[in-house]
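Below are structures written as structure tokens.
One chain, chain A, appears in both complexes that follow, with chain B as partner in the first and chain C in the second.
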Partner chain A sequence: MKRVFINPEFCIGCRLCELACLTEHSQSKDLILAYRDEVASGLLPRNRVEEKGYITASLTCRHCEDPYCVRACISGALQKDPETGRVTYDEDQCVGCWSCLMACPFGSIKRHPIKEKIVKCDLCPDRSVPACVSSCPNQALTFEEK
Partner chain B sequence: MLDCGLVKSKCRKKFLKSKYIYTGVRALLYQSIVQNYHDFVVERNLDLCINCRVCERQCSYLVHYWDENRQRVMHDSSKCVGCHRCEALCPTGAIVIKRNPSQFRENSHWKPWFLKNVYKQAEQGGVLLSGMGNPQPYPIYWDHLLLDASQVTNPSIDPLREPMELRTYLGSKPDALEFVERDNKVNLKTKLSPQIKLNYPIMFSAMSYGSINFNLHIAMAKAATELGIVYNTGEGGLHPDLYKYGPNTIIQVASGRFGVHKDYLNAGCGIEIKIGQGAKPGIGGHLPGEKVDAGVSLTRMIPIGSDALSPAPHHDIYSIEDLRQLIYALKEATEYRVPVSVKIAAVHNAAAIASGIVRAGADIVAIDGFRGGTGAAPTMIRDNVGIPAELALAAIDQRLRDEGVRNKASIVIAGGIRCSADVVKAIALGADAVYIGSAVLVAVGCTMCQRCYTGKCPWGIATNVPALARRQNPEIAKRKLVNLVRSWGHEIEEMLGGMGLNSIESLRGNREKLRAVGLSEIELDILKIKPAGR
Partner chain C sequence: MKYVIIGNGVSSIGAIEGIRKIDKQSEILVISEEGFLTYGRPLISYFLAGKVGDERLALRSSDFYSKNNVQTMLGSKVIEILPEEKKIVVKDKQEVSYDKLLIATGGTPFCPPIKGLEGDGIYFFTTLNHAKQLDAVCPKLKKVVVIGGGLIGLKAAESLFDRGVKVSIVELAPRVLSSAFDEVAGKIVANRLTSVGLSIFCGTTVKEIQRDDAGKVKGVFLENGTYLEVDAVIVAIGVVPNIELAQKAGLEINRGILVDKFLTTSKDDIFAAGDVAEAWDKLINDNRVIPIWPNAYAQGYAAGQNMAGAKREYEGGLPMNSIGFYGLPTISIGLVNPPEGKGFQIEMMVDEEREVYRKLVFKGDYLVGCVLVGDIDMAGRYAGYIRFQIPVKDLNLKNNLKQNKATYLDWPEEVFQQFWNKDARIR
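Right after this comes the complex of A and B.
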């Protein structure tokens, strides 16, 4: 399956990927409204740019072959889709136990700031290429099979 | 505008309400008043700004900053160099960089440029520095030249349907060709001099590793290889990782001899002796120690952090005879496998000097006009020394023809080639090929802010700071360079076809294809071009 890969050598730490993710997962699909208003009501980017000195890297769910989060999920909200290979999340089923948060070795799952739910990358099912990859000005993020 | 946040709440409210804020509040305190006569202002549209801080992260001159008190991104326009990086990356289009509208009283003689320079020097007592080429409003002869096209009596050619030849060979051509016939086969008897083969009459000009970073060097090397043209190492040596692109590399030997050794000399498809540079004729290069990192240190063979100063002259070349010695020393070192080029800045006696260079045994004469760029030059030199490349080119081509030695060397012109039409005009004026340097940098993002000498290029070009250099992804840069040269190639083919020519060779020195508008008789005589209508 295609995954999002980061090449830290060319990540410039601009964080436009976070803004793109935020917009894609907002209701308004408008960056300004999403950032100003929807963040206050709990909207979060699914990815996170980690920084150490000048080394930066945009990190998000790896959609693992055998995901620890899916194994840890007690409610069946997290599933590994056998067809697409994506790790899917059903918010309605989630009971907010945070087991997946503890299990993920990459720290790629975030707590929803308001609800007892989680926030996690869905690889933008409505787009051919995830929003973060499309927005990267230096092509440090790529969407490919490796 | 004083620091409103600290003065009165009423003032502060008004301040926060205003749609555009012209000056950052940090600007005024603790700095010389001269800095307030800054060139650019940052206009931030507060309806659009979401305080995402992308601008802050992109600006290497620290114009944008996060204001803890206001919980908002603010800016200090006095630090802005006008590179437009923040504007380009702002995801909401909230930022516009404008010329500072603040005006001094009109004075045709004492323009603000001169006032600001005097203020700066009175303050700091140093030499004014600049980057890129001469930006002053001297005549641009390319813009006075017009190309011909076929109508009725001579058919034009459609390059999409018929073959069109842009291939160019640089090097010394024989006076005549001799053949031998044997067994019904014709063979060439004349021994040909080494040549550089170019698929387009365009080369990437000398920009040293150090002045620009490794990412761009590898991009130029890969692009040149893909296009079948060459790039020039500049005076900073050749990084070990780039030796494999040797067949598409001209290696340069300059007065500092940085990184010059036997393997280096034999690494490329040509050698260039750099005597002078269009942006700063008469003075040597200066790479500030801050730009000398481990890679540059290895390649230039100098300690990390030390300034790389090239002497103004080559201290072993004080005459044409001395130049001949170096040319032949380099030819010996490479066993006569590669052509040797000599690059000079376009100066007053360029034609006579070029004649001497050809007689000294150079296979290529490269001339760099005063619009040619640089990573660092004293502003006064950049803006006042040298002559236009167009005039130097015409004079040199004519002189070499008059003396019957034009075939002994190819002429390469550099310095301010902006588009494919400039290339066509240069070739019609007598050039064999052109060097493009500034256009290469613009292709990868340069906005000509002319601050290359600071080593803080926000576009990741003229910098070796790891955090900034990574802004140039070599794969993207390579693709842009390949696109640029290919598109210019298509345009050159179109222009040639329009003139009824199917080969760049038929245009070379063909001044009948040029007409001039708005030039004096003397200029026409130097260019050897008829006025339009004649």
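Right after this comes the complex of A and C.
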């Protein structure tokens, strides 16, 4: 399956990937509306740009072959789709126990700021290339099979 | 090839998914004493509290079994395993043959001998049936005592309290959550529970259950002399592995069924996984029973693949628990109560006002455990350091960890390449 890969050597820490993720997962699909209005009601990017001095990296769910989050999920909200390979998330099933957040060694699960729910990368099911990758100005993010 | 799985908990789901990863065709039969398809067992506290209804309990969608070509025999008790004949005997004497067998029978609630235990008004809290019994009787209960201040006991207590029942918790250890959490976290949780209105009695236990002439529970006497007036007793001390079948079949057993790194028991073609198994534990480098959800899935998953012919080593268990009480999230991973004088180094950060607490346990250059209360968002990062044994040599890195600021760019480049991107350069 294709996954999102990051090379910190090329990441310039611009955070366009975070904004692209935010917009893609917004109701309005508009950056300004998403940032100005929807963030206040709990919208947040699924990815996160990490910084260590001048080195930066945009990190998100790796859609692991054997996902730690799926093992830990007590409600069946997180599952590994055997056909697409994606780690899928069903918000209605989630009870906010934070077991996945504890189990994921890649820190790829966030808490929803308001609801007792988690938030994670869905690899943009409506797009051929995830929004974060499309927005990256320096090809630090790539979407490929490795 | 015919696979048979005894038990229908999360190990069983792991095993089905593990088998189907390798073998898409062969017959799989799941035999379960419980009359339900696999449900999220920890959800029973959400169910009792009224937060989750019947429709959300299933761990997989209703077409999971048909899609994966799995037959089920629910409400059927296996009474014997005949390893020589590769057969099992189900309660009505029906015999079922197998090529590969998984024992995933889980645990049974542990119940100490207490005077007055025989009779009505005694409940357990490990299965959906237990939760449904309590749910049905709940409107009639005014006051109850929960025996056990561990994870199961506190969740049962919280759910009943949410339903308007007055709850007292009795715990034999000097504090609640004594096995999974450390003293400070236990204290913060206990404070939270008592401030909401639950009563906690530690360092004592129920000596006798008092009943009226009709046999109805009236109250309990504690070892410390306290008398609590109650309508019901909930025994929620923990579970012991369900080993009878394995014992009768002559499998090697210690506390649980002993399995090797491939989840195979001492008999050919018989595997065991989950709360019934005594499997490899990464941290102590030895086998032990850790009855926790993620291990049960992981063991089932590895066992399933091995049943289907893969040689897949189980990566080893790691104790971890996430539990919240009234909006206070609490997580423990790995070794959190290290023995004194064995070279462990502990770093703690407490902010009582904000109810934030963080404890990190190091051994040499490695993080081996952590407790997080309140601020839990970085839990997975700590899990990474513990699970992958990423060295923490650098003092800056150690400080970052202590201050909850560790980044993945602190991982050595070769480790980052291994897990994130083989072509990555950190520079």
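Annotations
Assume the second predicted complex is superposed on the first by the 146 of 146 C-alpha atoms of A that agree within 3 Å, B and C clash if a C-alpha of one lies under 4 Å from a C-alpha of the other, contacts with A are read in each partner's own complex, and residues count from 1 in each chain.
The definition used in the following text is that a residue touches a chain if its C-beta (ideal position, glycine included) is under 8 Å from a C-beta of that chain, and two chains touch if they have at least 3 such contacts.
The structure presented is a predicted model; accordingly, all values stated were derived computationally and were not measured.
Per the definitions stated earlier, placing chain B and chain C onto a shared chain A by superposition produces no clash, and the two fit side by side. Looking at the shared chain after the overlay, A:Tyr68 reaches chain C, while chain B stays out of its contact range.
Judged by the touch definition given at the top, the superposed model places A:Ala103 against chain C, while chain B stays out of reach. Once the two complexes are laid over each other on the shared chain, residue contacts for A:Ile114 go to neither chain B nor chain C. Once the two complexes are laid over each other on the shared chain, residue contacts for A:Gln79 go to chain C alone; chain B is not touched. When the two complexes are overlaid on their common chain A, residue A:Glu9 makes contact with chain B and with chain C alike. When the shared chain is aligned, no partner comes close enough to touch A:Ala40: not chain B, not chain C. Annotation: apex chain A, arms to chain B and chain C, angle 150° (C-alpha centres, rounded to a multiple of 10).
In the overlay built on the shared chain, the residue A:Met1 is in contact with neither chain B nor chain C. Comparing chain B with chain C, more residues of chain A are touched by C.
Fitting both structures onto chain A leaves chain B and chain C with a minimum C-alpha separation of 8 Å.
Touched by chain B in one complex and by chain C in the other are residues 9 of chain A. Chain A contributes residues 9-16, 19, 31-32, 35-36, 54, 135, 137-140 to its touches with chain B in the complex.
Put simply, chain A touches chain C in their complex at residues 5-9, 50-52, 55-57, 59, 62, 66, 68, 70-72, 74-76, 79-80, 82, 92-93, 95-99, 101-111, 146. Every residue of chain C that touches chain A in the complex is listed here, in rising order: 14, 17, 20-21, 40-43, 46, 51-52, 56, 58-61, 293-294, 297-298, 301, 320, 322-324, 329, 331, 333, 376-381, 383-384, 387-388, 407-410, 416, 419-427.
For chain B in complex with chain A, the touching residues are 48, 50, 52-54, 57-58, 89, 91-92, 460, 466-467, 470-471, 473, 475-476.
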